[in-house]
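Pasting the structures here.
Each of the next two complexes has chain A plus one other chain: chain B in the first, chain C in the second.
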Partner chain A sequence: MKKELLIAMSMVITVVVMAYIATLGGGLGPLFSDVRPLAKAFLSTTLDPEKPLFTAMSPEAVTAIVWDYRGLDTLFETAVFYLAIIGAIAIYRDVNEKVGLKGSGLGLSKIVRVVTKVLIPINIAIAISIALHGHLTPGGGFQAGAAMAVMPMLLIVVFSRYFLLELKLTKGLALAFRSIGLTGIALTVFLPIIIALVNGVNAYIMQNQMKVNAPVGLPAFIGNSLISGSLILYNVFEFLAVTFGFSVLFLLLSIEEDIVKDQMRGEVSEH
Partner chain B sequence: MFDYITIGLTPPLMIAMAFTLPIFTLAIKRKAFYDIYALTATTIALMLTAYNYYLVFYVAKRPIAYPFGGWPPPIGIVYEVDALSAYFGVFIAAVMLMISLYSVWYLRGVSGYEWYYTMLLGLEAGMIGCVYTGDAFNLFVMLEVLSVAAYGLVIFYRMSHEAIEAGIKYSLIGAVATTIYFIALVFIYGSFGTLNMADIAYKSRGGGEFPFSYMVVGNIHLASAIALALSMWAFTFKAAVVPNHFWLPDAHPAAPTPVSAALSGLVVKVGIYAIIRFLYTIYGLDSLHTIANVVSIVMKLLIILGALSALIASALMVVQNDIKRLIAYSTIMHVGLIVISMSIGTKLGIEAALYHTVNHGIGKALLFMSAGVLIRVAGSRNIDEMSGVGRYMPLTSFTLTLAVLSLEGLPPLAGFFSKLLLYEAFIDSGLAIMAVVLVVSSTFALLAYIKLLYGAYFKLPTKELGRVRESWTYLMPLAVLAALLVVLGVCAPIFVDEVLTPTSSELLNPLKYVSAVNEVVKALGG
Partner chain C sequence: MSTELDIFLANLSLISLIAIIGVSLYGILARPNIVKKIIALTIFTDAANLLAILVGFRRPPSIPPVLLNLEPRATDIAEFSASAVDPLPQALVLTAVVIGMAVNMLIIFIALQVYRLYGTLDARKIRRLRG
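Let's turn to the complex of A and B:
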């Protein structure tokens, strides 16, 4: 009882002190009154065709910050998500998902299955449009991937995971697509360097448009459509990586506990 | 062409190699392929970090900033490698190469090596990114990368209840720690209006306008106080300083042995690095008066916590029966000593802390890896049950003893000189009591080490093992690390003059750190 009281009191004190500093103490600076100078710099340069040496060529400032101005953060946030799933795969290593394969008579009622079948194309269309328009409207690769990952989730719940296995949507396949997405991201990171090597000029890692001392720019337009150079590439590859990353996770998590435990039993741990 | 590209290349290249590794798992099952893949990646990392060290120390002779995407900071992210970053970078890459070499032997007959190597590469990318970055938010991201890789590696033995418990404890509390650092960043961005370390360092010292972020926007005095308090909580968790050490004695022994070596030798040092960066570069005793006061209070607190770590951990070392747990407690003790020394605030203190960081990292990796060989042969981690298994393996026992002697501080090994330097730093700044802490904790540790050596070597064997053949695959990394301990010890005066003195003097002159970023801004059209 005393211990709980102590914890509660210290939490209350922490919250009060932090709230005071954040608001009345001015620790968070002006809230709701003005935009910070750095934010103004982002907003004024995000789409500025008149200054081709200092713009991200994307009207969507958030995506421009995520993949261009602060692209390195996003690259490594992708790595965090990637490593978390690798950790899950490592725990499920050598587990045969096909043990006890049952026919396709499983799943929910016919009504639910038909509705799901209707939803799937809509879902795919929405997810792809979020990914392909990520540099124009709110959204982007991760959001699109999360929307797309609803599909394997629905299929597993409504049709059972055995249905996916019959469609050959296995863990291995999902992993392959995911690796293609991630390798695509890695290639896009080094693409400007490769182009610069061929042309013998300067370039920076993760560069998108041309810079003052680095005349390597990825095309901002195809025909008359704005594609914002590297942003569309990152969005598409991230879309692949996230979709299939989640798919791997759902496929692993839906394996019955008994099957997993039976296969792991008796395994010796080294030290 | 490509000015200083090697500065920015290392972590992205490492993570790209980790990204592509799973493609090969679809076609190739042979372990040798993944061994070579991981060794290639870690060798490239060592070459790049060594080259960066050469650039910073001998070519530029000043910090070097690399702007990603060609955006001038603080609009974009920069990697900024000064002497401190270069020093930590080479140290991490060198020990990681030895760890992956040892893993080649260790992973024989263990399933899941491909995922193990993927996470190991992620861990190295995260660590090098942490020490190279010049952006406070990017430091958060890199801490997450290294932490997530570490959680996965700790829990690698999925059927060991010990590993699962330790992994869950480590990951849950670790996630809280990184989140707390994130809240600290909210306060920093809220008041300073920037996340670039050089920019914050400039403004915390009363500097005026900075390109793009201009003047400070909020009350930086209050915000810095809370940001310092929160970030120190997060970093002392990563560095395992009392009272945030409780996860370490569970997590480090439960992991596979090479990972224990990486966690104990390197990952806690990233916490040390972050504390140094915050207390000397971003903020400092030369900051604005109110902030400097907070820094000085934090330093005094850290001295007390460091002393507690050293004393408590060394006392607990004596009662351990699990050899890996004993070694893990020794990590807390040494980190305590390093934290005391770097919080004194003198040049000598920083030098002693940096020297001991490297000596402990190498010695601890060697100790874990030598013990791992004995554990494998004895089939137990209990010191009593190991009963003299070392007698069958004289070479491994030799490296084990060498590591113990260096950590304890016997001349002419490296540990002696860094402990001597620590001792001098304590006496020099009038902290004689801390010198007593050093001696007392070393004495306790000596008792524990005697117990370890007695169990592993001197005790009469209870079972006949016949002739045990020692394999060169694990002896090679052990020999390299042992040689490093001797070389670092014998060359102590040269090392202090050539490496530590420039590093500490650059660290005490944070305006050099700021001017490197200013040059990049000018070149890119600020």
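Let's turn to the complex of A and C:
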């Protein structure tokens, strides 16, 4: 214990002394005085109605980059997310989560249950608000999904996983909602092309606002409220995909160890 | 806040992040227990994300990359792009955090399966197992 404390203290002192020496030598002085020209280009076009060919029509530059300027990047990140969850499900392919279904009465004490019941609607409201305001304020589909995925985790810890099964939130249902989210993303990717085919003009994949040679963009306003074209659609569908993707993982991870071992042993002896 | 202190704090964050990356690499390479390797890997991911955010930082007075005016004039946009921090690293980190969590879950599932099949999480023993 004393040895670890000594190592930690010496590391802290080394870091502080090195930072002080670097400051005396000028250090990172000019590094943070200005941002790169690329960042300036993003910042100056993120919401500019006077430059309709370049703007993403979103006041939040981060979401504009995530789903417009660098949209394909995020699309393939979503593919990585999809494959990671499919890999985890493949490990549990023969485990039936409904085996050993017990009634209610499990879980933590009454105080924790009541507090959790109060927290759940707040949690849902915050997550949906983050998703729907993703193009206006910091946040978006990924963050909203992570905030919403706290809810199945909380329910599993407080009420046991059988509570989720009684609510019919099984692996199949969560996978179905996740597929709806991913299909929605795929449809939104091709939506500008479908609109352009109907109108007989050109369009790009993942196009948001109108571009050179592609005059059809998605509407930036509905009525008086700013929806930033495709950004709100991407945020909502990504929210669905992330929420239910993590729900599947939490459901599988919370299956009791002896149930999993029994079913896996059965699988081994069958072969 | 004086410029000297700003530069010192920026140096301190950068050098401590490098130190954290060093510690986490030690954990990934030298610790035999797979659970400790996973913990070190998450620390490494977070340090890398923080480093990316730090690269896009701008010295104060700086503002977040959110335009507060929904009907901006040209002067508003010029002022905004002259004082906001770099949004690109933030956009990359935003996805990397959630994707990293999904990949960590996959690694945890694999580690759990390894423990079920081999009865150990020691990387030195798992290496010797065959079949």
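We adopt the following convention: the second predicted complex is superposed on the first by the 235 of 271 C-alpha atoms of A that agree within 3 Å, B and C clash if a C-alpha of one lies under 4 Å from a C-alpha of the other, contacts with A are read in each partner's own complex, and residues count from 1 in each chain.
The criterion applied here is as follows: a residue touches a chain if its C-beta (ideal position, glycine included) is under 8 Å from a C-beta of that chain, and two chains touch if they have at least 3 such contacts.
On a predicted model such as this, the values are computed, not experimentally measured, just so you know.
Peer 1: I'd like to know which partner A:T116 touches here: chain B for first, chain C for second, both or neither.
Peer 2: Neither partner.
Peer 1: Return first, second, both or neither, reflecting whether A:V80 touches chain B, chain C, both chains, or no partner chain.
Peer 2: The answer is both, since A:V80 touches chain B and chain C.
Peer 1: Does chain B (first) or chain C (second) touch A:F190, or do both, or does neither?
Peer 2: first
Peer 1: Contacts for A:N235 in the overlay, against chain B (first) and chain C (second): which applies, first, second, both or neither?
Peer 2: Touch status of A:N235: no partner.
Peer 1: Check whether A:P138 is in contact with chain B, with chain C, with both or with neither, and answer first, second, both or neither.
Peer 2: second
Peer 1: Output check: A:V35 vs chain B and chain C. Expected answer is one of first, second, both, neither. What do you get?
Peer 2: After superposing on A, A:V35 lies in contact with chain C but is clear of chain B.
Peer 1: Once chain A of both complexes is superposed, is A:S247 in touch with chain B (first), chain C (second), both, or neither?
Peer 2: neither
Peer 1: Quick one: classify A:E50 as touching chain B (first), chain C (second), both or neither.
Peer 2: Only chain C is touched by A:E50; chain B is not.
Peer 1: Under the stated touch criterion, which partner chain does A:S160 make contact with: chain B (first), chain C (second), both, or neither?
Peer 2: It touches nothing on chain B or chain C.
Peer 1: List the residues of chain A that touch chain B in one complex and chain C in the other.
Peer 2: The answer is residues 18, 22, 27-29, 36, 38, 42, 70, 73, 77, 80, 84, 87, 91, 264 of chain A.
Peer 1: Give the list of chain B residues in touch with chain A in this complex.
Peer 2: Touch residues, chain B against chain A: 1-3, 5, 8-9, 11-12, 15-16, 18-20, 22-23, 25-26, 66-71, 74-77, 106, 110-112, 115-116, 118-119, 122, 125-126, 129, 137-138, 141-142, 144-145, 148-149, 151-152, 155-160, 163, 183, 186-187, 190-191, 193-194, 212-219, 222-223, 225-226, 256-257, 324, 372, 375-376, 381, 523-525.
Peer 1: Touching residues of chain A toward chain C in the complex: what are they?
Peer 2: Chain A reaches chain C through residues 11, 14-16, 18-20, 22-23, 27-29, 31-36, 38-40, 42-44, 46-50, 59-66, 70, 73-74, 77, 80-81, 84-85, 87-88, 91-92, 137-138, 140, 142-143, 145-146, 226, 242, 245-246, 249, 252-253, 260-261, 264.
Peer 1: Where on chain C is chain A touching in the complex?
Peer 2: Interface residues on chain C, with respect to chain A: 4, 6-8, 10-12, 14-16, 19, 23, 56-59, 64-72, 74, 77-78, 80-81, 84-88, 90-91, 94-99, 101-103, 105-106, 108-110, 112-113, 116.
Peer 1: Which residues, counting only chain A, touch chain B once they are in their complex?
Peer 2: 17-18, 21-22, 25-30, 36-38, 41-42, 45, 53-54, 68-73, 75-77, 79-80, 82-84, 86-87, 89-91, 93-94, 172, 175-176, 178-180, 182-183, 185-186, 189-190, 193, 196, 200-208, 211-214, 264, 267-271
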